[in-house]
Amino acid sequence: MDERLKVTLSGWELDNPVIPASGTFGFGYEFADFYDINILGSIATKGTTREARFGNPTPRIAECERGMINAVGLQNPGIDKVISEEFPKLKQVYQKKVVANVSGFSKEEYVECAKKMDAQDIVGILEVNISCPNVHGGGMSFGVSPDTAAEITRAVKAVTTKPVYIKLSPNVTDIVAIAKACEEAGADGISMINTLLGARFDLRTGRPIIANVMGGFSGPAIKPVALRMVYQVYEAVKLPIIGIGGIASAEDVIEMMYAGATAVEIGAENLRNPYVCKEIIERLPSLMDELNIEKLSDIIGRAHQ
Amino acid sequence: MGERIKQYRIISNWNLADQVYEMELEGDSSWITHPGQFLNVTIDNAYLKRPISICDWNENGLTIIYKVVGFGTKQMSQKQPGERLECLVGLGNGFTPEVFDEKKVLLVGGGVGVPPLYGLAKTCLKQGKQPVVILGFTSEKDIFYIKKFADLGCDVKLSTNDGSQGVKGFVSDVMVQEGLTNLPYFACGPMPMLKAVWRTSNAPGQLSFEERMGCGFGACMGCSCETISGPKRICKEGPVLSSQEVLWTKD
Amino acid sequence: MDERLKVTLSGWELDNPVIPASGTFGFGYEFADFYDINILGSIATKGTTREARFGNPTPRIAECERGMINAVGLQNPGIDKVISEEFPKLKQVYQKKVVANVSGFSKEEYVECAKKMDAQDIVGILEVNISCPNVHGGGMSFGVSPDTAAEITRAVKAVTTKPVYIKLSPNVTDIVAIAKACEEAGADGISMINTLLGARFDLRTGRPIIANVMGGFSGPAIKPVALRMVYQVYEAVKLPIIGIGGIASAEDVIEMMYAGATAVEIGAENLRNPYVCKEIIERLPSLMDELNIEKLSDIIGRAHQ
Amino acid sequence: MGERIKQYRIISNWNLADQVYEMELEGDSSWITHPGQFLNVTIDNAYLKRPISICDWNENGLTIIYKVVGFGTKQMSQKQPGERLECLVGLGNGFTPEVFDEKKVLLVGGGVGVPPLYGLAKTCLKQGKQPVVILGFTSEKDIFYIKKFADLGCDVKLSTNDGSQGVKGFVSDVMVQEGLTNLPYFACGPMPMLKAVWRTSNAPGQLSFEERMGCGFGACMGCSCETISGPKRICKEGPVLSSQEVLWTKD
């Protein structure tokens, strides 16, 4: 473990800023087949809802240039089973705390999930996904308006003492307004970005590849959008940011931290290369040497200097 | 390079039938425990890997058979012997013929669902079983591997949709005609074929499924299907599911 | 010329649907060095403003994975010179009509540009860019609200008899609402999408690569977003759509038409491969044979069937 | 493949100085009309091409010199003789020494701004001119091509920033020390060097500029700069601009 990689999120010191993103790492233990997952900064667990969900019909996956679309639709066993089955399985192979990602289709559902997560020692940060574009939750998501984003933030903050990070949707006109609303409502941090809404069509049939037509587009292709939004939000709020979107290399981690991220999450790339987080953590020290970076924490927001 | 990402050397790569290629790979096969498992092939300039079933294997390597249907399989077909193929390995549960006590078993394959049945036939024979094999293809030009199955000592039956060789019709027609509806079965092929086999048979069986995959190793939930015992990931709890688990109806 | 490639935009029959996008083909004549530009369906000319503009400081270009960021900032010689110098130069090497792209920083500027373009025979369609994210025109662009989008549409429609196509920005929460507002305000068609807002940072210095920090992100990386938006807008409005965003091959043209486009514009890819439009036009007939497409016009919106 | 996208065969590709490589290419050079023109190199897995100046050329091909600074130039440095390099050609205006009546002219190059001056020196000599060449480098390890210029018969002067070889300081210091401030000049190098040369000289000259480019052939306006006679595209009206066009001030 390299001291130079340490970063701190709301008082929680991580060994390094590398966190697999929610939905691309299950509840972590699947990856113990590939490497010792205790080397990770933390793990953002699969988006959890009050009830068990199967999610959307298949096909749920489409390939894009340097990215992919998913329309998984929050498949998960429901919060009670996550707590009674998934977390215990994870604890057998993993000794750190997690970034627990929760989602909901009503304020009450968020609140209930947050309450239950609050009682879990393994939860280091509560990451509240107000943005999932895959789910037909009756109209637009909570994440597209400052008011509803603030409402969820306040409601969740009221029932937990864990640091609350609101995970923002990029499919909005003014992401800064939404981040500010979350800050004012008491959020402890911002996770950004969730997937862009995208679609692909089958060359042979002309039909949508995804059963639900549209899905969440992510991977290296979206990185410039993520970098831009992290940069904008860093300028506007004082909260720590977990930077997400298209990260696939140690170079990308550094670039995202320059933009303003304190830590990063890595999503789609885990699916294409299950070793990517390990490779990045191993590569960071020598890359820092090449770039004359003494401590990673020195470079957070360097682009703004 | 992570240890489950393996480099294989291509020994041969040749055109077996219309758009269908057989590729022999030299490299690690120690991870293969059951026929019907698969690997995930890295494609240059494509974001996701491509799942392909193991057709056959020995201590030196393995064989895959694939059909050119798009960018990735096209690229595979253009590789030359001596070149390398990168694959993520150790994927899928595979067939478990040992769960059936019966000696006589039915193997039903359609199109590029045929390859995993070859390794399965060998495994069955090793377990002292007598496999009856029904292979279905669209037309004469698509046929491959009949002789390979026969050479193993299997009883092989053939159907083509257009009747250009073998029985005209579907594999399920052959099942009925030949009175094979009471044998424990193993099936791999397109979804309509799997459903037809499942409907036609009165016995239990194992079905190998396909789905568009994100990861192939259980992380993304991209490939899930609903079963009697809850959601299953085709790549992890599958691709082989028991006929008793599917949520279809008999009519 | 292949009859099977013909498509019709507001009564104007194009030999094929391939149009180089505004800002990536200058005023066309530069490309006459590469091939006979009369093979093109049409040409969308460089965004034109009332006064001459130098645009933004350099660097204005950053590379991305399968795409690029530009912050050119509407450099152009101003509408009078476009009419007196650029169009005549273009006419020497090109006999068809153009899609004339205009931009502005006030309603009056749009109106003035539209009036002047109206008098030009060479203009087949007036494409009104309400979305350029590069220009600091005092706050948000006209393209992010249905009201301002409709206002510009009405004002331009009032002064021209040319078909008016409004070019939409993708950097919005609800592109359908904006497209609908344009339709109600009398637009004859929709061009979409303009660039996504993106940023990149220099690995060595940590500083933004683009002098203006952010710029317009385009190229194959953005195609899934463009396809999704074209699909959504096709569902919601009855206007013809010129599909734009990440098109780089004949396959991409077909996919965009499945989504709902009647014609397409090709942007960034012209910069990376000046022959791309020619190659696509030449490839289309054989690809149509492979896919059993009789006439291109048959496949418009096929994904919705 | 469009006709201005050319395939070159790499004849040699070797390390000339610290991170600096010289690559000899066999293929079309008929498009080269002036020293200081450039081509745009296709890089695998990169979206944009990379502009590199012509250093030297003859009827069989051309030579380029490049410094490894990032992804694209690194990839170029790893290419082996016999491999191909794809380039978009016919780019840029180039130097026009013929516009000056003076026999004695000054060529000033800094770092990887040196290469185009080599072709220019040859052209000057062909036109009966006597080039005085000042080459500036950061340090000893960065120096290249001094002997090549000397072998042509040029009067060569050297500066390094750290004084490890030649005059310690900048090329402009050499201009002053050697009394070369009244010669028509040609300069290529980093922006601060161009400015220093321009400020130091009392004569007219030609300056070759660099800018991040989108297309390299005049389509995108990515590379524009403002001049006395309006905006110019570095890739099309440049990269060489007259010293009388720049908008700098003398102090």
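So that you can tell them apart, the chains are marked A, B, C and D in the order they are listed, and the count of residues begins at 1 in each.
The rule we apply is simple: a contact is a pair of C-beta atoms (placed from the backbone, for glycine too) under 8 Å apart; a residue touches a chain by one contact, two chains touch by 3 or more.
Only a predicted model underlies this, so the values are computations on that prediction, with no experimental measurement involved.
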{"item": "Chain whose average C-alpha position is farthest from chain C's own", "value": "B"}
{"item": "Intercentroid distance (Cα basis), chain C paired with chain A, Å", "value": "34"}
{"item": "Cα-centroid distance, chain B relative to chain D, in whole angstrom", "value": "60"}
{"item": "Centre distance in Å when chain B and chain C are each reduced to the mean of their C-alpha atoms", "value": "47"}
{"item": "Geometric centre distance via CA averages, chain D-chain C, whole Å", "value": "36"}
{"item": "Overlap residues in chain D, where contacts from two or more other chains coincide", "value": "none"}
{"item": "Shared interface positions of chain A, touching two or more other chains", "value": "64-67"}
{"item": "Touch-based graph of the chains, sorted into line, ring, star, complete or other", "value": "line"}
{"item": "Touching pairs among all chains present in the structure", "value": "A-B, A-C, C-D"}
{"item": "Contact footprint of chain B on chain A as seen in their complex", "value": "23-26, 30-31, 33-35, 46, 54-55, 58-68, 70, 72, 75, 209, 219, 268, 270-275, 278-279"}
{"item": "Chain B residues within the chain A interface of the complex", "value": "1-5, 46-49, 88, 90, 211-215, 217-226, 231, 236"}
{"item": "Contact footprint of chain C on chain A as seen in their complex", "value": "64-67, 69, 140, 144, 171-174, 196-201, 203-204, 206-208, 213-214, 217, 220-225, 227-228, 231-232, 246, 251, 254-255, 258-259, 291, 299, 302-303, 305"}
